[in-house]
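After this come two complexes, each holding chain A, first together with chain B and then together with chain C.
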Partner chain A sequence: MGKCDRFFFFKVNSTLVFSLCVLSALLIFAIAGPYLALHSYDETNLAFKNLSPDSRFWFGTDELGRDLFTRCCVGARISLIVAFAATFIDLVLGVSYGMISGYGSQKMDEWMMSFIDILQSIPYLLIVILLIVLMGPGLITVICALAITGWMNMARIVRGQVLQLKNQEFVIAAEAYGASKSRIIIRHLLPNVRGQIIVVLMAGISTALFTEAFLSFLGLGVQAPVASWGTLANDGLLALRYYPWRIFFPAFLICLTILSLNLIGDGLRDLFDERKKI
Partner chain B sequence: MNSILTVQDLHVTFSSRFEEIHAVRGISYHLEEGEWLGIIGESGCGKSTSSKALLGLLADETVIKGKILFQDKQLNACTESEIRQIRSKEIAFIPQDCMTALNPTMKIGLQILEAQKKSSPFTSFSQAEEAARLLLEELGLEFDSLKDAYPHMISGGMRQRTLIAIALIREPKMIIADEPTTALDKKLKKIVLDGLKRRQQENKLSLLLISHDLESMAEYCDRILVMYAGKIVEYGDAKTIFRHPRHPYTKGLVNSLIKIDQDKNKPLNFIKGQPPHLNVPLNRCAFCERCEEAMNVCAILSPPLYQINPLHQSACFKHDPGDRA
Partner chain C sequence: MGDRDFLMTTHFLIKKAFIFVISLTMVITLTFFLMHLIPGDPFMEEQMISEEILKAMHHDYGLDKPLIMQYFYYLKGLFHLDLGFSFKYQGRPVAQIISEAFPISFALGIQALLIALGGGLIGGSIASLYHRKWQDQAILAFLALCLSVPAFLSATLFQYLFAMQLDLFPVARWGSFSHTILPSLALALFPFAYLARLARTNIIEVLQQDYIVTARSKGLSQWEILYKHVLKNALLPVVAYLGPLIAAVFMGSFVIEKIFGIPGLGQWLVTSIGNRDYPLIMGLAIFYSFLLMGFNFLVDCVYYLLDPRIKKGESNG
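Up next, the complex of A and B:
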């Protein structure tokens, strides 16, 4: 075992490596794509509307003659930012809230969980519309909306796991040897819920991508001419019958991202699971 | 000798929304420096609960009444940081369940050394490793092959000995051992208990030993405390308890030991019935339904501990001095 072994496992786990490659390709696509493209994302030209993919317009054009390749690149930026923001919020807010709630006293747990219940009982769209009134539509608003609504699932799952773990003998033993609460959380509880956290995180990312698309579709998210994969797919849906490539490319990119993230999640979970490495 | 641990009228009550469970109902005992006190009794009669209560390891909602004195400190009135000091340096605890008592995501070596680091933070890493190597060797384990293993990779007996090593490496004044030898075979049990015994003689290690293994208790412990339904039913030195038990419950326990020359056609001896559920206060002898020698008084009054001789106490009305006269 040891460091050497972890690298060995990394080599063997080809799906993890493959999906990491796919994700980095997507990142490069998002960062460098607009510089490679021949057209800017908001350049309209009605003469070239609804063209199929060719050497000039690699992914075709939309109904205003805008280059779909560039728009997908710009959309990738928005979508990936949303995905990573959602992960980050889930990780920081959800995990710490769940840990504190599960490991704290019973009274505190009850209060903290009631707070989540109340928050979840408020219709989600209501919160988002309220936010938009306050902040105006845009990417920041979408991220704030995800921040407010997205972490509760994670908090519940982490809390459940911690409740189960904290009565296990090894946590009690650590207490019996004078370990402090923060040390128990970091050294004993966190490594044991790592697997579940990763799985929930990856599921959360796909939800976040679709939520962003849905909000943008309602006109509450990013505003035209800026686009995300979600809005592009929605636009494409209207023209599905005659110009199917307009939905194919953004939808394919969404699928590819979610698939690679899920595979990365599985791979990381296995990588950290000591039991799978005998 | 002066006593290292004094417990006075300890009550432990678990309360849930629906009922209160009086797991420990007023026990008092003391442990001298360098003495071994064994606690025996059936499952669920408050042995583990009372020992965990000493270190404050029970859930926050548990109500603990009474006085727990370690040397001069009252443990159940300490602040969080004071009790952590005591837990990390003075009293070690060997947990009961060796299958779950090690963190599954940490290497064995680290789990042993972490304990050492906490108790004496100034020793260097190599010194700590050397101490761990010597200690594990004494327990029949090899530190170098074990240090990079995760708990699921080693056997139950090895895990149990790891737990004992974690307790011993910090050289505590007192150990609370909750069934420390259940997963060990006879030979290893002897090695472990002899190792502890040596520390008793050299460093005056005091031990609170909880076990169902009456044979080794009889051999190693100085005094024995018999618990039933959260109370002490008999308390005395080990020889007297095992050779001349006075309380009917202790008699039952000693009788249920299996002898090798026992007639194979005869059923094994055991105490019939179940211990009472402890959700209501008991105003009678808790053992009276199962007791073959029960009298009328046993069903209406709870017997106090009667002094049979200076070293021997029993909670049975049969030992009431007025009755004997």
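Up next, the complex of A and C:
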């Protein structure tokens, strides 16, 4: 490790640490925010509509006089719940699919991968939109819609890793000792793919946040009075000309979260993958 | 050897074409049935319609037949490029709506694509030439920022800043060239950043190869090396990314068209879903899928022809 490398490594790590701090702050904001706030998220008061931020309404109010700070906190909860839940389903589905495909017989692998090829060539957004229209917009629907389209990437990457690993000595040795397939997958393959999985997971969370915001923008996200960052930004958009702070706060929160997730993903990739350290 | 290559290529093309056909059939079937499961009736809107009129309208549009029959009628029409008539905009064939809206979306998409490709390659090359210097770090930070802004926010920001505050471009609508600038910039932002990072990583990887060291020892300048040796090798992954790139531009166009009030395909799709305009939704979904999947098919073929390593890898595996 040269001087430059060490310097760079430190730098990568400091970014990583910093973005982890930002993300934790956002999580605390989402969890504790509503208890700090002076107002409830759906309390309307037309006397206080469209106020700019002040000591009473920290982020201002919307056109019904609802406190935007509380709404942003609640929005944070919804947005993060959607993103994490969808990614968790992706994780379970994608990892098991990828493991089975990669470690199973070659014939099965071919079939399973062709299936993914077909699914991935379908423009998923159309399916998502149709599903949401069909099931009615809401929290569960958005999570399902995101989950059914997001797991394929994970499955592909896990399968690729397993294909590389399964002919290495430690796996062959385990097989020779008579370890069962499930034991090999859990004890030997999974720990070696862990780094990759975490990196894909980070990208998955930020993609889910993106898509949730996008769907909310089209009016297909969670419905009022519940709010997510996407719906708040969408509401703020209508009042952009006269009350620009109404879009500023949710927009800022969305961007900050995605930025920190992206940076964490990059940092972790550099940590786990020596080759990619560029 | 030539025969073998030919055989492999045909095998590859047939496999890809097969996947293309299956996916398209799946899209058509899925869209058709999902759409008919959407609760509500396309003719129930503002005013109450009497039972008889509703029945007559259902009969007129073939909605009183069993679903499976409707499906086969639709397929039959599809073979004649007949996508039916819009429910909402009575008397307008879906094919006509698409043929009017498509050139607009296409122009917007192509412009955004060119900006993303040009900007991405230039940005990536500059960053890789200054690898680990402050210029590289600055570009990387900027790209990370670009990757964190959803399309609808960047579009709003551009609209607010350049149109409302600075009054440099029209706020919305479609018409002259100046109308296209803000939407295509907003649409290009994310793919640009992604491409630039991809190009940078690949160029740096190629720059560390032996043949580059040779070229450098021959005394070629940095730019000459980049132009003559690096780009050709570093561009392959960029070609592979073209498929997702097009998909991203399409997805972005839904939002961008809504924000800027552009009468393109995305705008139509969003309104038609709200209106439960079955034939229009179906027509648009199929058109989109056909376009995207057709393009992916082309990209796969080009990639296959460009990169001799794939053929080799397949014969080994």
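Quick note on the criterion: the second predicted complex is superposed on the first by the 196 of 278 C-alpha atoms of A that agree within 3 Å, B and C clash if a C-alpha of one lies under 4 Å from a C-alpha of the other, contacts with A are read in each partner's own complex, and residues count from 1 in each chain.
FYI, a residue touches a chain if its C-beta (ideal position, glycine included) is under 8 Å from a C-beta of that chain, and two chains touch if they have at least 3 such contacts.
Not measured: the values here are computed from a predicted model.
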Larger contact residue set on chain A - chain B or chain C: C
Touched partner set for A:203, first chain B, second chain C, both or neither: neither
Partner chain in contact with A:180 - chain B first, chain C second, else both or neither: first
Touched partner set for A:170, first chain B, second chain C, both or neither: first
Touched partner set for A:188, first chain B, second chain C, both or neither: first
First (chain B), second (chain C), both or neither touched by A:105: first
Contacts of A:22 with chain B and chain C, given as first, second, both or neither: neither
Touched partner set for A:93, first chain B, second chain C, both or neither: neither
Shared contact residues on chain A - chain B and chain C: 278
Residue numbers on chain C that touch chain A, as the complex places them: 19-20, 22-23, 26-27, 30-31, 34-35, 37-39, 131-132, 144-145, 147-153, 156, 159-160, 164, 200-201, 204-205, 247, 250-251, 254-255, 258-259, 269-270, 273-274, 281, 285, 288-289, 292-293, 296
Residues on chain A engaged by chain C in the complex (per definition of touch): 4, 8, 114, 117-118, 121-123, 125-127, 129-131, 133-134, 136, 206, 210, 213-214, 217-219, 233-234, 237, 240-241, 244, 247, 251, 254-256, 258-259, 262-263, 266, 276, 278
Of all residues in chain A, those that touch chain B in their complex: 1-2, 105-106, 167-170, 172-180, 187-188, 191-192, 194, 274-275, 278
Sites on chain B touched by chain A in the complex: 52, 55, 57, 59-61, 84-89, 92-93, 95-97, 100-107, 115, 118, 148-150, 152-153, 163, 166, 170
